[in-house]
Amino acid sequence: MSSFRFYHPIEVRYGDLDPQGHLNNARYLTYMEQARIQYIRSLGLWRSDSFLDIGIILAEIIITFKSPVLFGQPVRVGARVTRLGNKSFDMVYSIEDSRDGRELANGSSVLVTYDYASGQTIPIPPHWRAAIQSFEQLTEGG
Amino acid sequence: MSSFRFYHPIEVRYGDLDPQGHLNNARYLTYMEQARIQYIRSLGLWRSDSFLDIGIILAEIIITFKSPVLFGQPVRVGARVTRLGNKSFDMVYSIEDSRDGRELANGSSVLVTYDYASGQTIPIPPHWRAAIQSFEQLTEGG
Amino acid sequence: MSSFRFYHPIEVRYGDLDPQGHLNNARYLTYMEQARIQYIRSLGLWRSDSFLDIGIILAEIIITFKSPVLFGQPVRVGARVTRLGNKSFDMVYSIEDSRDGRELANGSSVLVTYDYASGQTIPIPPHWRAAIQSFEQLTEGG
Amino acid sequence: MSSFRFYHPIEVRYGDLDPQGHLNNARYLTYMEQARIQYIRSLGLWRSDSFLDIGIILAEIIITFKSPVLFGQPVRVGARVTRLGNKSFDMVYSIEDSRDGRELANGSSVLVTYDYASGQTIPIPPHWRAAIQSFEQLTEGG
């Protein structure tokens, strides 16, 4: 989970905390979701105003929690596509302290490309594949 | 709700949206809460690591919703203390589009100063009163 | 805020709490929203699967916080329409301890009937007006 | 992920949904968290009013998403301890449609027993081990 070409900063909100005084575990998924969507937007793959055009659904997620995330702590989320399959792709995430890059949590997800209009999984659109391969410098099998 | 000496930027998260595709109404309170806490921190009134030292509790809130808040829209929250009573004070808020200052919602709240250790309301601490009066240029009766 | 013909029970979730150990203030709006939608469903006014058919948008909300809401506390939300205007109506809410009916918070909201297809406010549909008047035993001017 | 001795019902809230009209992915963690805490309470292991006495922290989570969770759908979360280690234990979860038991998602987590006062991991307290082994009919190595 070394280096990322894409990072998105997140402000820890008071409303993200739970009675233990640190980031509630469910918010880690919110942070990863926000980084994932901003990644897709930054590659120009999500141009529509309609959320039903995003075309990816979450099939699986794994999170490893390493250190509590605190209020006032500057945080960034690294996101990277690590595999492009036929109808699915993998992303990994790293939630880090922005000051020193220390990893506070990491995660990975399997995402499935989906056509909301027909309600069916679809192959990764060719322009998505090309844009991601180019950005991540992935080889064909990667 | 004209001008504010304090603004706090907020990123609209995908996780803040609801099925109508815009900011869920409950999140307006989260945004105002975040601005309120950052206001207090910016005045140096909240130095402890313990959230139980904040010492203010929300007694009343009013929100007027003017325009939907959209994903990707840059947003800032203006916050200002408009009244310092004996054991309570008032804050007003404006949720605005950061690009042009257009107001998307506004709100006001009554906040009560509270000692969590004793479980009782307390007069506004003198250094809070002084710091807020100075920052807001409030007169004694203000 | 005396009596309600409609109550909806809500389970306080650990994820609803904040570092002060009780219900975060933004969740009061979530609880009132949930009661409002269940009220509309219970009157048979919301039959579609599409959330864009609900046809009401929140224009204003007021909440008065009376006692903290705690984890494990059984809670119900009373909801009632108190006024039917031309293109808007008012609802009041009471968040109560289900065991003894003690009020923990109350609120009111102004709701505007809206046609999402045309993007315009619309008069309250006659069958909504009739159903609500009948349920609440409101008179024509009420 | 066959059978559970403990189920907790969850009401899907409008505020849990996202622009795709179904349960936002982060809420699955909220639902599992709620089931986990109610499991611990139901075994009498969490008697204090202080959330800092819970004594377990989340080290890892895996979720597999199978079907969207919809508004109005009655949902229950099965929770079960599957392994009791020295300083950690495993729980598995199943989010199911309450009407027919159909699994909508499942998950597992590694939980670490923790002493908030000293800030250190601690062995699973003997009365926790005994209560969980008895409830789950786990053998010593289980």
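Labels A, B, C and D are assigned to the chains in the order they are written; within every chain, residues are numbered from 1.
The rule is simple: contacts are C-beta pairs under 8 Å (C-beta built on N, C-alpha and C of every residue); 3 or more make two chains touch, one makes a residue touch a chain.
Everything quoted here is computed from the prediction, not taken from an experiment.
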item: C-D or B-D, whichever has more C-beta pairs in contact; value: C-D
item: Type of chain B:chain C copy interface by residue overlap (half), same or different; value: same
item: Most remote chain, CA-based centroid, reference being chain C; value: A
item: Between chain C and chain D, centroid-to-centroid distance (C-alpha), Å; value: 30
item: Distance between the centres, which are taken as Cα means, of chain C and chain B, whole angstrom; value: 24
item: Chain B-chain D separation of Cα centroids, rounded to whole Å; value: 35
item: Shared-contact residues (touching 2 or more other chains) in chain B; value: 14-15, 17-21, 24, 26, 30, 33, 51, 71
item: Partner chain A, residues of chain C touching it in the complex; value: 14-15, 17-21, 24, 26, 71
item: Chain D-facing residues of chain A, complex; value: 18-20, 24-30, 33, 51-52, 54, 57-65, 116
item: In the complex with chain A, residue positions of chain B that touch it; value: 10-11, 13-15, 17, 21, 30, 33-34, 37, 41, 50-51, 71-72
